[in-house]
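Same chain, two partners: subunit A is paired with subunit B first, then with subunit C.
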Partner chain A sequence: MMSVPQRRALRLALRLAMAVAVTLIFMFPIYWLFMISFKTPAEIYAFPPKWYPGQINFDAYAVLFKDGDAATVGNSLIVAFFSTALAMFLGFICAYSLARFSTGGQHLANWIVSQRMIPPIAVVFPIFLLYVFFGLVDTYIGVILLYTAFNLPYVIWMMRGYILDVPRALEESALVDGCNRWQVIWKVVLPMCRAGLAATTIFTFVFAWNDFIFALVLTRTEVATYTVQLTHYFGGQSNFWAKISAMSVLGTLPIFVVTAFMQRYFVRGLSLGAVKG
Partner chain B sequence: MADLKITALHKYYGSVHAVRGVDLEIPAGEFTVLVGPSGCGKSTLLRTIAGLEDADKGTIEIGGQVVNHLPPRNRDIAMVFQNYALYPYMKVFDNIAFGLRSRNTPKKDVEPKVRRTAQMLAIDHLLDRYPRELSGGQLQRVAIGRAVARSARLYLFDEPLSNLDAQLRDEMRSEIKRLHQELGKTMIYVTHDQVEAMTMADRIVLLRDGLIEQAGAPLDLFERPATKYVAGFLGSPAMNFIDARVVAAPDGLALRLGDGTDLTVPQKRAGSLAKQVDQAVILGVRPEHLSRATQGERPGLARYTAVIELLQPTGSRTYATFSLGGTRAVAELQAHDVSAINQSIELSIDMNRVVLIDPATNRVLS
Partner chain C sequence: MHAHGGFRESNFKYLLVGPAIFVLLLVGVFPLIYLLLVSFQGITMTETSTDFVGAENYRQLFDDPRLWQALLHTVVLTAIALPLELVLGLAMAQLFLDRLPGRAIFIALLVLPVVVSPIVSGATWSLMFNHRFGPLNQIIGWIMGKETILLWTINPNLVYPAIVAAEVWQWTPFMFLLLLAALGNVDRSQLEAAAIDGASWWRTFFRIVLPAIAPVMSIAILIRGLDLFRLFDIVWALTQGGPGTLTETISIFTYIKGFRQFETSYTAAVALLVVILLSALVMLLLRRVELAR
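Coming up: the complex of A and B.
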């Protein structure tokens, strides 16, 4: 028989081992992606596979930047950034109105979130025809508007929940203390919803960043995003693995950076919505 | 001049008629307590004064100006909320400074004002803390500080002590009263607790079902209630109500109880009862007006022999439950007046201080 402290130590060790194993499994594809991007073509196709490149080799990146392909990451950044900013702003004030003034009665909020349940593929071609008519195909405005529209229901739904969690008395107290509605939102509601705002922003950004189907149909060359550009490297004859992996790395980095900075809010935001106290 | 004047105020929540025509005038500098059971409309009335709810009918004047259509920030009021409503992401200092800053107080004046307020409430050592680091009593002090840091015409308190435990409540009660004396400002205080109302108010406004049942100084309401409701609401333990009938007796009038006992009505009170002979009345007796009978007759005291059913000693006094004319009643006796239940004891009822109520209207006969 083991003593209680021994058993506790063993359990902790098992848990740690489990966590490390799971992390390794999840991290491996990312590791592999980075490694391929640094390999020479010979190393990429080597068998048995090489776990790491003989030397760090930036050729694939150099090609991407020289040919201008890397600009598609910039396009992704632009549309993701502006559509997120727009969706967050519009969604927040809309959510505030739903939460505090019961705009549209009980059901408007549910109807709005139901819009998010439409599969993108079902609407992408009607939207394409509409965009052709309005001349919005392959423009920043077109893509930004679409991402904003598609993200709005999600933002509204999430933010409405966070705003409902803000005690009404806090807002009333600020109203009595000399604030108007906009000041109340700025000084009370926004700071109270910080964690929720951050989490929702990340999700919204990631949606725009990851989107493929809308970008594929609605962009050509001017504003093609990196997800669309990636598909150009899958050829009938051969796949350009070096370019694919290098482009994927470029596409992954911004998300890494954003999440690293906002990780604290991200985790809190995830649990915040779930447990209502 | 009145700081607050309310005329024929009505407020509906959907189909619920929460405030049903309230007229109220509050003189400058007075501490007024709105009291009543939950759902009587007292909080709604306060929130309507603050502008957090719109009045459906009637007018509200603050300082002689009709404010019905002004947003809360333009009504020159400050308010303390039941659950503190402190901003959790701000330190105590910034919480207290919030109202000053949002009204564009010059920067150099903010700090001294905050510090002075904090000193007055003995929270000056907490200014650098966040609300989550404070106890309930401290939180309430900060909430009060936030309201009084700024000079307003009207200070509103919405059940500020109901989240505190009994001991803290006593402490804060005297604190708020002291604050009122120090500041000399007009304050309106909402509570459901009649003890709070009695101890703090210059004037009590007792509400019931959206209407003012009676308003006046605490002791006036206590000693001269206008209705059965007021008589029963104020006082702890509550007044005993016993059904009786007015009968003619050899030496004037008497009240005949359900068990046939006659209680003689003192001469000076008989006048008001003359028209009620042979009619039903409700006899209202406060527990403290029942005592153990002593030797010898005294004018105005009626005797009643009671069998004690239940004893509740509180230390200084003992509450004894017995049947008075068929109705269960409580007497507040000296600690050692009764020693055991089922004991028969002679009580005297102070007939000069009982109230007599017309059962048809529930109004007190004067």
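Coming up: the complex of A and C.
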């Protein structure tokens, strides 16, 4: 018979073993994806597959930069950055109005969150036809405008929740002290919800950065994003594995780095603010 | 303008929402109206006349088995992937609920698939599933004790498991995170009371834990369900809807009709059908789920 502490220790050891196993299983595809970019072609097309590169090799990255393919990561950065800035600004002031004045009532709030749920393909098809007409296909402006609109409902909805968390009394005392509403927004409310603002900014940025379907339809060569460039390596000959892998690392690693700093806000950000975490 | 209270509040609040609503109408609603217009015309790759053809395109919707199959594929993928993600996510949340050495690090690592671009995770899994140079067939070969060549993205019997695997890999961590938060908020005193009463683990789970986490669970199901209905990227990377049209989702079908076969007006009708179906679904679900406060 085991004593109670022994049983506890055994239980913990079992849980720990399972935790390690689960984490390894979920990490393995990312490891595999990243690892291929450091292999030589001979190692990539070795049979049976090799599970690690003989030595770290950066040729795949060198090729991406030499051919200019890496510029598509720059395009992703440009469209994600500007659309995020625009969506955050427009969304924040709109959210303030919804939160403080209940502008438009519950109907407007519901309409905005339902905009989030429209299938991208249904929106992007008529947008494409209109963009052809206005000459906006394959332009930064066109992509930024669409990303802004697509992310606005998310920003408004999330920021509305964060602003509702700011005590009204703070604003009222600032108003008494002679600030006007516009100043209250920037000097009182904004600093009070900067954590929520940062988390929402990062999420919005990630949505734009990770988008594929809008960019697939609306870009050609000039402003193609890294996700679109990635699909150019698909199919045909499988000679492009090194490029698929290296391009994925370039597109994914920055996201891993920025999101590492916002673990606390993940649950709230992913659940559209419904779960505070 | 400069004096205290210089803003007229009633105008000011509309001034603040104005720009955002304008952008949403411009990019969200105006295109839908345009879609409606195009759907009553007869534009195709060869036909550029914008004459109205009545409800012709809508009649065609009902005579298009490929469309309804695409809808069916979408429903099937959702019906398989969503419960899997939910059950696996719940089991993982249960595993990581109590104190565990390195818990924060485990969770930080497990979250990573959620922030990977879906097209990248599709690409990742097509590398994993490659019949010759991918590790999965190799692992299966070790288990079977002989070399095994499974054509994951080509064999009609294997494409669905392949897509579901990629989908479940990417989004189970989403369920896990939300359910972990929900489980952490379950009232401890109720659990202790149940333990004192000698209730079994299962009984406690179904009587106390499950009702307590149900609101979060329904939100998670709503969000993932709607995402699955729009599924595009992962399937595009793995199969492009193939073999044939076997894994065509409704989004892929719409894309192919509009941008590969250039059946402009018919695609408009399909896109509107998708919007209507999804809106109905959203309204039905939003009424049951407490998303707003």
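Going forward, the second predicted complex is superposed on the first by the 237 of 277 C-alpha atoms of A that agree within 3 Å, B and C clash if a C-alpha of one lies under 4 Å from a C-alpha of the other, contacts with A are read in each partner's own complex, and residues count from 1 in each chain.
Note that a residue touches a chain if its C-beta (ideal position, glycine included) is under 8 Å from a C-beta of that chain, and two chains touch if they have at least 3 such contacts.
Quantities reported herein were computed from a predicted structural model and do not represent experimental measurements.
In the superposition on chain A, A:Asn180 makes contact with both subunit B and subunit C. In the superposed model, A:Gln55 lies in contact with neither subunit B nor subunit C.
By the touch criterion defined above, A:Thr221 reaches neither subunit B nor subunit C.
Of the two partners subunit B and subunit C, it is C that touches the larger number of subunit A residues. By the document's definition of touching, of the two partners only subunit B reaches A:Pro191; subunit C does not. When the two structures are aligned on the shared chain, A:Pro29 is found in touch with subunit C, with no touch to subunit B. By the touch criterion defined above, A:Pro167 reaches subunit B but does not reach subunit C.
The intersection of subunit A residues touching subunit B with those touching subunit C, taken from the two complexes, comprises 175, 178-180. Contact residues on subunit A toward subunit B in their complex (touch as defined above): 167, 169-170, 172-180, 183, 187-188, 191-192, 194. Those residues of subunit A that touch subunit C in the shared complex are 12, 15-16, 18-19, 22-23, 26-30, 32-33, 36, 44-49, 51, 90-91, 93-94, 96-98, 100-101, 103-104, 106, 108-110, 112-115, 117-123, 125-130, 145-146, 148-150, 152-153, 156, 161, 164, 175, 178-182, 206, 209-213, 217, 227, 230-231, 234-235, 238, 241, 244-245, 248, 251-252, 255-256, 259-260, 263, 266-267, 270-272, 274-277.
Considering their complex, residues 4-7, 9, 12-14, 16-17, 19-21, 23-24, 26-28, 31-32, 34-35, 38, 92, 95-96, 98, 100-102, 104, 106-121, 123-128, 130, 132-135, 138, 141, 169, 172-174, 177-178, 180-182, 216, 219-220, 223, 226, 229-230, 232-233, 236-237, 240, 250-251, 254-255, 258-259, 264, 267-268, 271-272, 274-275, 278-279, 282-283, 286, 290-293 of subunit C touch subunit A. Listed in rising order, the residues of subunit B touching subunit A in the complex are 50-52, 71-73, 77-79, 81-83, 85, 87-89, 98-99, 102-103, 146, 150.
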